[in-house]
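Input: structures, listed below.
Each of the next two complexes has chain A plus one other chain: chain B in the first, chain C in the second.
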Partner chain A sequence: MDIRVEDLYVRFATLSGDIEAVNHVDLTFSQDQITGLIGESGSGKSVLGLTIMGLLQSNATVEGRIFLGERELISLSEKDLCAIRGREIALVAQNPATSLNPSQKVGRQIEEVFRLAGEGKVDSTRRTHELLERMGFSDSERVMHSYPFELSGGMCQRILTAIAVAAHPRWIIADEPTKGLDAVVRNQVYDTFCMVKEQYNVSLIVITHDLLLARKFCDQIVVLYSGRVLEINTAQAIFNNPRHPYTQGLIASLPHLGMRPMPGFSAAFTDQPSGCVFHPRCPYIDEDCRKIEPKLIPVEEGSVRCHRYS
Partner chain B sequence: MNDTLRYIMTKIFLAIPILIGITLLAFGLGLIARGDPALARLTVDPDYIPTEEEVQALREEMGLTDPIFIQYGRWISGVVKGDLGESYLDDKPVLSEMLRLLPNTLLLSFMSLTLIVVLGLLGGILLVVFQDRLFDVIGRILSIFIMSVPGFCLAYFMIWVFAQKLKLLPTSGTEPMTAFIMPCLALALSSACLVARLLRSSILGELVQDYALTARAKGLRKSQLVFRHTLRNALTPSVTHIANVFGGFLGGSMITESIFSIPGIGTYALTAINNRDYTAIQGYVLFTGFAFVLVCLLSDLICSYLNPQIRLGRRV
Partner chain C sequence: MCVVIAILEVKNLSKTFRASRLGGKAHRAVENVSFAIPAGQTYGLMGESGCGKSTIGRMIVRLIPATKGQVFFRGADLLAIKQRAFRPYRRRIQMLFQHPSTSLNPRMTVLDSLREPFLLHDLPGRDCMDDRIREHIESFGLQSELLERRTSQVSGGQIQRIVLARIMLLEPEFIVLDEPTSMLDVSVQAQMMFLLQELQERSGVSYLLISHDLDLIRRCSHRIGIMKEGRLVEQNETEALFGAPKQAYTQELIYNFECMKN
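This part shows the complex of A and B:
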């Protein structure tokens, strides 16, 4: 079941003005594929993920449509959304250290998913044990009776993943799964996700600014900037043949490719540039770029939002 | 479990110096404020003017001429044996007088505590569940209103309504049991409102935490989220506040007890202060101090139960 996002627009009302976090995004996340959402902080990638699950705070205005198969999610009631969350689309939240309830043992937090799916107490406990072992915990008994603050960041990350897969959802949205973890643990996260993908037959949306993880793990990559999609392509094409100047800049900033930083900063949300949002930082700037906002143009197997390809 | 036990022992151990400090304070209070207890005692009858010799003799008899630490030692050894001394005024033992009045204060305190806990928790949770809807808005305005009315005004207002107009409740005394309803309301209502508001804001604070997002992503409804996850984490400030208020109640509420003529610890202390009855005041300060420390200790233990990070904190 694909997730289809049509003309999605998300705005936050804040004291310093309205923030347009997601700006008319059209995207299809294909079933059985791993889609990576990449972009720098504030590009709207986390907001996009939370919007799909209907988990935004109350100061957000959402327009547009999100389809899960035939069902449209934005118009669903909170009650119907609760039935979809966890069971059809699950979330691996960012910040593993703070994303588990500090005053509840982790066993109970995993069991809760089974209980919500209607299983009995004994079955839930048994399945939690199995799940923890599958997640690579050799001493599942001890882990179940630990509080989150007694576990390491990498362990909490695996617990979060366990919570996400527990109810066998079709989709998992992983929000910055490698953020704040060291290289060894990042590799563990990668291995865990590969295992999850294989054993649970789940489709994934991985939100990350870890480009190397995206390249290793994702089939398709979406590049976001200031709430807009700038480029969509297969992971291979994005890294071997980046088309958009922003994507080119991102790839060139990778450590093993010379670590050349991109000049400038992304524009403030309350003061967006006219024309192409990227034009103030673009090395190929043209007169059109300042005035006309480019459309998403199909180029070979992907598409790119840049006047140079029109 | 071991860590938990160690935490509890540490807390109890740390309470001991505070308790000793309270005995010093209670005793010192008598010393500092001492007009002259001997003189005061001899002039209970205002028509009698004692001679200087009589006063001096009584001072020696009462041990007031001994060095201070001997007086403290004598007093504390009595305290340990359960003897708080006799009232300067009427020679009745302070402890047995307080014990005689204690049941009324205890009853009033526990009734008020129950009211605060029930109304405060229920109110706080309901305000969150109906957040930004009519119930929440009206509840918040009403609670501010009740909180800003002083307890004694509320007391007189209730007497006017329930005793004089509706003739439902007795105005004063301790019999029948319904006589405790109005004092309890006068004592507890504003604190209950405060707890409800405090709890509301701490639950709302917890609802935007990262772990609440994980819980919502599991498919929990808001009420389930509040009860299963955020309530426990949000309770700590309310527990601490309730403990402070309850500790105060145990020391007797002088105003409420006077208005409703309830013979309790508060009125006892009030009489003692008016008569400069220092042994009684010392006994009172000692009692309220101990009660307060124990209640705070209990609230610390409850908080550590609610938040395991407090008791297992070494590994954070």
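This part shows the complex of A and C:
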């Protein structure tokens, strides 16, 4: 069952004025593909994820449509959304340390998901053990009896993933699963996601600024900047033949690919440039760029929001 | 042996954290670590989180006392110097932290934060410091409008630049960079590291770059030390280390990074 986002805008009322954190996003997350949402912090990745989950804060207004199969999610009541949240679409939130209940042993937190699904106590415990072992914990007994603070960041990350997986959702949205983790732990998280994909038949959206993870794990990549989609393509095309100047800049910023810096900063949401949002930083800028906002233009296998391709 | 003059030399540095009164064992965070950093160069200290990298950085700037060992800065043993005599070194040796927000007071404006070094360290040119600050931050790619904002209203990448700009006002000779970009996006990281390299070329400042990112360390360091569980297991010139890693642990680290790239 695909997730289709149509004409989506998300606005926040803030003290320094209204901001558009998601600006005219049209996207299909295909159930057979892992999609990576990449872009620098503040580009709107998490807001997009939270909008799909119906979890935005109260100062947000949402315009547009989000379909899960035939069902439109934005117009659903909170009660109907609750039935979808966790069971059909689960979120592995950005910060594992604060997303787990700090005062409850992690075993209990996973068991609860099985209990809610109607399993008895004994079965819930057994299945929690099994799940933890599949998640790569060799000492599931000890882990079950630990509090979150007794586990490392990478372990908490895998516990959160276990909780998401336990309810057998169709979709998992993972927000920054490797943020701040070192290489060994990052590879473990990657292995966990590979296992989840294969054994649970779940579709995935991975929100990340870890470009290497996105390349290795995702089939399709969406590049966000200032709330807009600048480029969509296969992971291969994004890395081997990035078309948008911003995507090119991101990839050239990687330490092993030269670490060449882009000029400038992304503009504040309260002070968006005219025309192309990227124009103040773009090496290819011309007259049109300052005046006319480019549309998403189809290119081989994907699309790109830049006048140079029209 | 190289004949380059070291600006900083760490000798048999160790740190044991005593058992707390609440229980737990004494913890040997750093054991007998020795390395030297030639003037004008960057020494990259790489290892997984918790291996003792930051503890070394903190001992060098005397944020925490060392259990054993010496730190020579231009020949003077920093750890043996009395508190009073250490004062001038507080300007010459600086540290940049992972969480830039912790180094600035969120209620202060950017301008006030940049005035602080003039006042605390009694820098010359106090009477025209605002002009100097304005000129100074422009060379860090920061616009002077920023000066009026509170530091809590500035983005992470810009904060890190402001903190660096403040440090550079002091004209330090040596900076410990403790995971300076690990919370930043790759694009902001590239800008920040580029800026640091430019400063090094211009002023000859030397760095101890602490990071768990092997790609970053490789890109930015002249020489690299690999740490594991408090010990320095291997050190060498950057390309020599990658060309022929001797220790199994180093090979494993390199392998783990290559994994993500293939």
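Heads up, the rule we're going with is that the second predicted complex is superposed on the first by the 310 of 310 C-alpha atoms of A that agree within 3 Å, B and C clash if a C-alpha of one lies under 4 Å from a C-alpha of the other, contacts with A are read in each partner's own complex, and residues count from 1 in each chain.
Following the convention adopted for this analysis, a contact is a pair of C-beta atoms (placed from the backbone, for glycine too) under 8 Å apart; a residue touches a chain by one contact, two chains touch by 3 or more.
The structure presented is a predicted model; accordingly, all values stated were derived computationally and were not measured.
If you put the two complexes together on chain A, you find that chain B and chain C both fit without a clash. In the superposed pair of complexes, A:Pro102 makes contact with chain B only, with no contact to chain C. Of the two partner chains placed by superposition, only chain B is touched by A:Leu91; chain C is not. Look at A:Leu160: by the touch rule set out above, it reaches chain B but stays clear of chain C. Judged by the touch definition given at the top, the superposed model places A:Cys194 against neither chain B nor chain C. After overlaying the two complexes on the shared chain, residue contacts for A:Glu150 are found with chain B alone; chain C is out of touch. Of the two partner chains, chain C is the only one touched by A:Leu250; chain B is not. In the superposition on chain A, contact of A:Ala183 is made with chain C only, not with chain B. Remark: least CA distance from chain B to chain C after fitting both complexes onto chain A is 7 Å. Those residues of chain C that touch chain A in the shared complex are 48-49, 141, 155-158, 182-183, 185-191, 193-194, 212-216, 218-220, 253, 256-257, 259-262.
Only residues 208-211, 213-222, 228-229, 232-233, 306-309, 312, 315-316 of chain B touch chain A when the two sit together in their complex. Listing the residues of chain A that touch chain B in their complex gives 50, 53, 55, 57, 78-79, 82-87, 90-91, 93-95, 98-104, 109, 112-113, 116, 147, 149-150, 160, 163-164, 167. Those residues of chain A whose C-beta lies close enough to touch chain C in the complex are 40-42, 180, 182-187, 190, 209, 211-213, 216, 249-250, 252-256, 259-262, 264-265.
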